[in-house]
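What follows is chain A paired twice: with chain B in the first complex and chain C in the second.
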Partner chain A sequence: MTLIEVTTPAHTPSDGAVVLRESRVRTVLGHVVLGGLGLLCIVPVYWLYATSLRAPEDIYSLRPFPWPLSVASYAEARDTVDLPQLLLNTFVMAALIALGQLVTGLLAGYAFAAWRFRLQNTLYLVFVATWLVPFQVTMVPNYALLNQLGTLNTITGVVIPNLCSALAVIMLRSHLRSIPHELLEAARMDGRGAWSTLWTVVVPNLWPALAALGVLLFINAWNEYFWPALVLQRTNNVLQLALHSFIGPEGTQWGPLMATAGLACLPVLLLYLILQRRIVDGFVRSGLK
Partner chain B sequence: MSRIQIEGLTRRFGSGNHAVNAVDGISLDVADGEFLVLLGPSGCGKSTLLRMIAGLTPPTGGRILLDGRDITAAEPRERNLAMVFQSYALYPHLTVAKNIGFPLRTRRRKDVDAKVTEVAKALGLEQLLDRRPRALSGGQRQRVALGRALVRDPGAFLLDEPLSNLDATLRTATRAELTDLHRRLRSTFVYVTHDQIEAMTMATRIAVLNGGRLEQVGTPEEVYDAPASTFVAGFIGSPAIGLLPAEVRGADGELRAVGDGVDMPLGPGHDASGREVLVGARPEHLRIGTGAVGPEWRGTVRLVENLGGEEVAHVTVGGGRVALRGPRPLGLAVGDAVRLTCDPDRIHLFCATSGRRLVRTPEPRRAAVAV
Partner chain C sequence: MRPIRLAAVALAATALLAGCGVGGAGSADSASATVQRAPELTPDQKVSITFESYNFGQAGPWSDTFNGLLTAFRAQHPNITVTAQKPQGNSSNPAADSVSSVQTQAATGNPPDVAQLGFSDMGFTVHQLGAKPLDDLVGADTVRQSFGGTHPYAAAAASLGQLDGKTYGVPFVLSTPVLYYNASLFTAAGLDPAKPPATWAEVADAAAKIKAATGKEGAYADCVTTQAKDWCLQSIVRSNGGRVLSEDRTTLQYAEPKSVQAVSTLADMVKSGASPKFSQQQAVEAFTRGDLGMILESSSLQGTFAKGAKGAGWQLRGAATPSFGSTPAVPTNSGAALYILSNDPAKQRAAWELITFLTSDQAFTDIAKNIGYLPLRTGLMNDSLKDWAAANPTTGINVDQLNRMEPWVSFPGDNYLQIRDGMMDAVEKVVLQGADAQATLTEAEQRGQALVPTGAR
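And then the complex of A and B:
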C-alpha cells in the first residue's frame, strides 16, 4: 500500500503586474492634480506672509521670496494698533461664541436625536429655518435689544446674539443620530440619567465631531466682520476692525495691513494644525459605527 | 434572584387604522431562577417584550411585577435588571475594565476594582482589561457585555440575541458557557432569540411568540414533542415538519385521517368524523415504509440533501411536502416513488381551521379534542 498526500487545489496567479502599473499611473495623476490645487490654496496665504516680511521699500516687489527679511511692517502695526489686546479680545470673542454654539448645539442635537417628543420634527424644521433667515433681518432687533441691555460697544454685545447656531444643531444632531441607540439604552440600564449619559457616554464619543465643529465655529466667529463692526462702532476692539485702520484716504499701508492680517490668521492656522486629525475625522466620519 | 410576572402586557405602535400591536396581551410568569427563552421569528414582538421588561419601552397596557412589586412605570435604573444587547453596546471610549465597572461607578460603589477583577477572572478577561472594545474579537466583546451585566449582581438578566453576531463555532461554545453560568448563578434569565437551537439547548422553558401573541409556553421537550399549533410545529425543528391536509373518516368505530397521498389510522372513535385536519410527523420520525399497516405517506422524492452524517429527502406528497431525515445514505434518489411511515404516537394532528393541536383522548367515544 502507498500513502499519497491529498494536495490542495491548484492556484493560478492573476496578471497582477498590469493592474499594479495602471493603479500607479492613477495614483501619480491624482497626486499631481491635488498638488496643483493645494498650491493654488496656499499661494495667497504665502503671499500675505511674504509681503508682511518685506522691507517697506520692497512692498510691491513680485519676487517670490522676501529678501532681505524685515519686521518693519510688524513694528509699524504694533505702533498703530494695540495688537496683543486686539488678539486677546478677538480670541475671547471667537472662543465664547464657538463654545456657546457648541453647548447649545449639543443640548439641542441631543434632544432631537435621543428623545422622542411631540412636534419633534416641526420644531427641528423651525431650527433649520432660522439658518435661512438673512442676517439683515435679525440685525436691527438684535441691535435694539443690545441697546436696551446697555451692551453696545462691548464684546458681550457681540457674543450674546451669536450663542445659538442652527448649523451646530444640524451637524450635532446628525452626528448624534449615528451613535447607536443601544449605547444610550445601555447607559440607562447601567443606571445613568439623560444628563449623565450625555457627559459620560455621548460627549466622549463625539470628540472628533465636537473638535471639528468647534474649529469651524471658531473660524466663523473669528472672521466675523459685519456684526462686530455694527456693535463696536466706537471702539476697534477686535482684530478684523483694526485692519481698517491701515486703509485710509491717503492709500493703503500694505505692509502693516498684511502683518496684522497675518497675525489674525495665525491662531486659526495653529488651531487647525493642532486639531488637524480630529477635524478630518470629524468631517469624514459621521459618528460611530 | 427575581420572579417576573407579566399580566396582559400590550404594546401598540401607531394610531388609528395604522396601529399595530407588537405585543398583544401577553401574560407570563417567569419563576425565580428560571432560564426563559422568548422564541419567535423577526417581528413577533419578542424584543419589544424584553424591552418592556427592561423599562426601555413603555407598555400601552398591562402590568409587570418584579418579586410582586409593580415596576410597570419604573425607570430602568430602579428595576435591578441587567441587559445584554445584541450589539453588546460596549462604550467605545472606555477600556474593558471601565466598561465592566461602569454600572458600579454609577452607583458610587467603593469596591469597583475588586468586583471588576472578580468578574474578569470568572469570564477569562484578565488579560484584556486595558484594551478598548475595538481591539476585541466578537466573542471577547460578548463576554465583556456579559461581565458588565454580571458585575451588578442584578435580580435578573435580560439578553437580547447576544449570540447572533458570533460565528457558528463560537456560538456553540458560548451557549454552553451561558448554560453553565445560569447553573452557577441560579439567577433568572430572560433570553430573546429566533434561533431554535439556542432555545432548545439553553432554556428551562420556552415561550414561543407569533404576531405579538404567545403561541405556547413549555419546556423544550414539550414544545418540540407536543407543539400547540401548526406555527410552533413548523417553527421548531429543522427541516420543518411537513403538514398535509386530510379529512377524518370513521368506519366500523375506527377513525382514519385520509388525504391526497395520506392514510393513517387514528384509533377508535366516532364524533370527529368529517373534520378537516392537518397531519404531520417530524422528519427524524419518518422512515421508509415496508409493511402494509400503520400510517403512510405516499409520494415522490424531489430532492436529497447531504448534511454530512445524515441525509434529508424532501418528498412531494399530494399537494404538499414532507421531509425525511436519517443516517447517510438514505438510499433514495430524486424521482423515486416512496412510501413513508412512522410510529402512530409520533403523528401530530392539528385543526385545519384554527391551526391548534388536536389530542387523541383515550375514551373511545371522544376521538379528537382541540387543545
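And then the complex of A and C:
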C-alpha cells in the first residue's frame, strides 16, 4: 500500500507532462547547439562560393551576400588554368593512389588476419610505426629516389611513394579479423587456394569496408598538396597546385582562386554524398567484432 | 632480451619502410673555390639548362610573361634549351620557398642551373648553395658591360649582387619602400592629398586625423612582422641613422639607441591608435578595400592596390619613404637577383646568355608592361616605357629612390634566417604587442649574436 502511495505520484498526468516538456526542451536545445555548430562548419564553404561569385571589384568586400552576382572569377579561372585537364590529372592521380593503397592494404591485411607466422606482431607493429613517421622525414629520401628513377615532374612520381598506406593495412586487417576463421577453413577444405579464397570468399564479404576505405583514400589523395608540390616542379598539373598558382608575392587573386577551389570541391563532395551511408557503415563496423 | 631484439628489428624495418637513408645533403663553403672561365659555345653546341624562378609559380601575367621571354630567348639561341621550373614547397608566398627548394635539389646533386633568389639570402647563396662568381666565369669586363648598354642599370642597383668585391648575382627585380595612400580618405579627413606626409611625425598626425574623421584605420608600415622579412625595417632603421648589422658584418646592432628609437616610433603609432594591429595580409586587404589610409609597401603590390582602388572607388597615390625629421630617408631594396649554380662550363655559359637576355632592354620592357616590375634600366622610362611610366606615376618615386638606395643587408652564416627571424619576432613583439623596446631587442640581439660566426662575412 505504502509502495503504491509512493510510486503513484510519479505517474500522474501532470508529472508526465513535465518530463515530456523537459525532454522536449533538451531536444530543442541540443538541436540549437548542433545547428549552430553545423552553421559554423558551413560558413567557410559558404564564404568560398560567395567570394567566387562576387564581381572582381567587390572581391575584398565583407558583405555577407554577394550582389550583384558575377561569374567573372570563373571566367578568369577558365582562361588562366586548364580546368578539365587539371580535373582529369587529379582524378587519375587520386584514383591510382587509392587503388594501389587498397590492393597493398588488402594483401597485407589478409596475410596478417588469415595466417600465423613468426614475427607477425613485430611486422604489424612496424606497419603501425610507419604510420607515425611524419611525411617530412621521408620527403627528401623519397625525392632522391625519384630523382634516381627519373620520375620527377611526372604523375607517376607523385603516385609511386604513395602506393602503400599503413592506414589501409590497419583498417583492412581489423575488418578481415571479423570474418569467421571457420569460413576460411571451409574454403580451404573445399579445395580453394589462398589466392582463390581471397577473391571469392574474403573480398565479397569486404565490399562495404573496401568502398568506405577507398573513398577515404581517394579524398586524402585528392586533397594532397605538399608531395605534388615537391615532385611536380615544372608544371601545375594537379588542382591543388593550380590553386596555389593564384597566390604570389604580388598578392592573391582571390576571385579565380575561390572559383577554382569551389570547382575542385565538387567531385569529392559528390562522391561523398553518393557513398555517404557506406562510408559511415564501413567505419562503424571496423570497430565491431 | 626478447623485447630489445623486437624493438631493434621493428626500428630497422621501420627505417627501411619509411625510406630513410637515401640521398643526403652535402654542402660546403664554395665561395673560395676557383672557378674556371666558361668557354663560349660553338654554333652547333646544344645545351640544356634549368631556370628556377618563383614567377613560374604564379598563374596569369607572371608565368605568361616569363614563358614568352623564354620563347623569345629560344628564337635567339636555338642551341640552348631552357626548362623553366618553380620552387618546391608549400609557403603561401612561393618566393619564400626559393632557397629551401634549391637546397633540396642540391641534396640530390641536381640544383637548377640558374635561380632567382632574394638579396636577403645572398650570403647563403654564395657560401652554401655554390653561386658562381660571374667575374671569374665570364670576365669582369663582360659583367661590367652587361650593366651598361643604351639604357644602363641604375648605379645603386648594379652593385646589389656583389659580395666581397665579386659579382655573384645580376639584380633582376626589386622595389624600394613606397608610401601608398588613399587620397579619397585624405580629402574626407580634411587633409591635402597633394601634400602627402614626408616624415614619420606627419604620418602619425595624418593617420590620427583619418581615424578620427572617417573611422577608418590610419597608417601601417609593412615592415614590422616576421612575414614581411626585414628589407623595409632596414630602411626605417637606416633612415634614423641606425644599423641592423655592423659594416664589417660581425656584430648585430639593432638594439643600439638609434635602431631602438626607430622601432619605438612605429610602436608609438600603434599605442596611440594611429596604426592598427594588423598582420601583413590584413593590412594589404584593408588598404585594397579602402579601409586604411596609408601603407608603406613594396611596389610589387601596386597592381593589387590599383585594382582594389578602381573597384572600391577610391584614389591611389604614392609618396617617398618617410624620414625622421629633416634627415633624408634611406630607402633599401627588396627583390631578387639571378645566380648561376651550374658546375658544367657549357651550362654556365648558356646560363650567362640567359641572364643577359632576361636583363636586356627588351626583357625589362616586357616585364614592366605585363607585370609592372620596376625596370632597373631606368632610361627605358624615357624610351620604350614612356607611355607606361606616364600611366603609372608612382613608379617615378621608386626610380628617384633608386639613386639614394642602400642595399638590403643579408645576415652572415648558415643561421642567417634564424638571426633575421629572431630580430623580426622581437620587432613584432615591440610594435604590435607593446613589449618594451630596449629590453626585447637587446635580448633578441644577444641570442642572434650567438649565431653569428666568428669573423663572419
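In the analysis below, the second predicted complex is superposed on the first by the 248 of 289 C-alpha atoms of A that agree within 3 Å, B and C clash if a C-alpha of one lies under 4 Å from a C-alpha of the other, contacts with A are read in each partner's own complex, and residues count from 1 in each chain.
To be clear about the criterion, a residue touches a chain if its C-beta (ideal position, glycine included) is under 8 Å from a C-beta of that chain, and two chains touch if they have at least 3 such contacts.
The model shown is predicted, which means the values in this text are computed figures rather than measured ones.
Visitor: Would chain B and chain C fit next to each other on chain A once aligned, or clash?
Guide: After superposition on chain A, chain B vs chain C: fit, no clash.
Visitor: Which partner chains sit in contact with A:Y143 here, chain B, chain C, both or neither? Use first/second/both/neither.
Guide: second
Visitor: Using the superposition on chain A described above, determine whether A:V45 touches chain B (first), chain C (second), both, or neither.
Guide: neither
Visitor: Answer with first, second, both or neither: which of chain B and chain C does A:L266 touch in the superposed model?
Guide: neither
Visitor: Looking at A:L29, would you say it contacts chain B, chain C, both, or neither? Reply first, second, both or neither.
Guide: So A:L29 meets neither chain B nor chain C here.
Visitor: In the overlay, answer first, second, both or neither for which of chain B and chain C A:T122 touches.
Guide: second
Visitor: State whether A:V103 touches chain B only (first), chain C only (second), both chains, or neither.
Guide: Neither: A:V103 stays clear of chain B and chain C.
Visitor: Who does A:L37 touch here: chain B (first), chain C (second), both, or neither?
Guide: Touch status of A:L37: no partner.
Visitor: Using the touch criterion from the header, give the chain among chain B and chain C with more contacted residues in chain A.
Guide: Higher number of touched chain A residues: C.
Visitor: Tell me the contact category for A:V71 with respect to chain B and chain C: first, second, both or neither.
Guide: It touches nothing on chain B or chain C.
Visitor: Return first, second, both or neither, reflecting whether A:I274 touches chain B, chain C, both chains, or no partner chain.
Guide: neither
Visitor: Just to confirm the value: shortest Cα separation between chain B and chain C in the superposed three-chain model, in whole Å.
Guide: 16
Visitor: Would you pull the chain B residues touching chain A in the complex into a rising list?
Guide: 54-56, 75-77, 81-83, 85-87, 89-93, 102-103, 106-107, 148
Visitor: Tell me, which parts of chain A touch chain B in their complex?
Guide: 180, 182-183, 185-193, 196, 201, 204-205, 288
Visitor: Report the residues of chain C in contact with chain A in the complex, numbered from low to high.
Guide: 6, 9-10, 13-14, 17-25, 52, 54-55, 57-60, 62-63, 83-90, 92-95, 101, 104, 107-108, 110, 284-285, 288-289, 300-301, 303-304, 307-308, 310-312, 371-372
Visitor: Which residues of chain A touch chain C in the complex?
Guide: Per the touch definition, chain A meets chain C at residues 55-62, 80-81, 119, 122-123, 125-127, 129-130, 133, 137-138, 140-145, 147, 153, 161, 225-226, 229-230, 233-234, 236, 242, 244-251, 253, 256.
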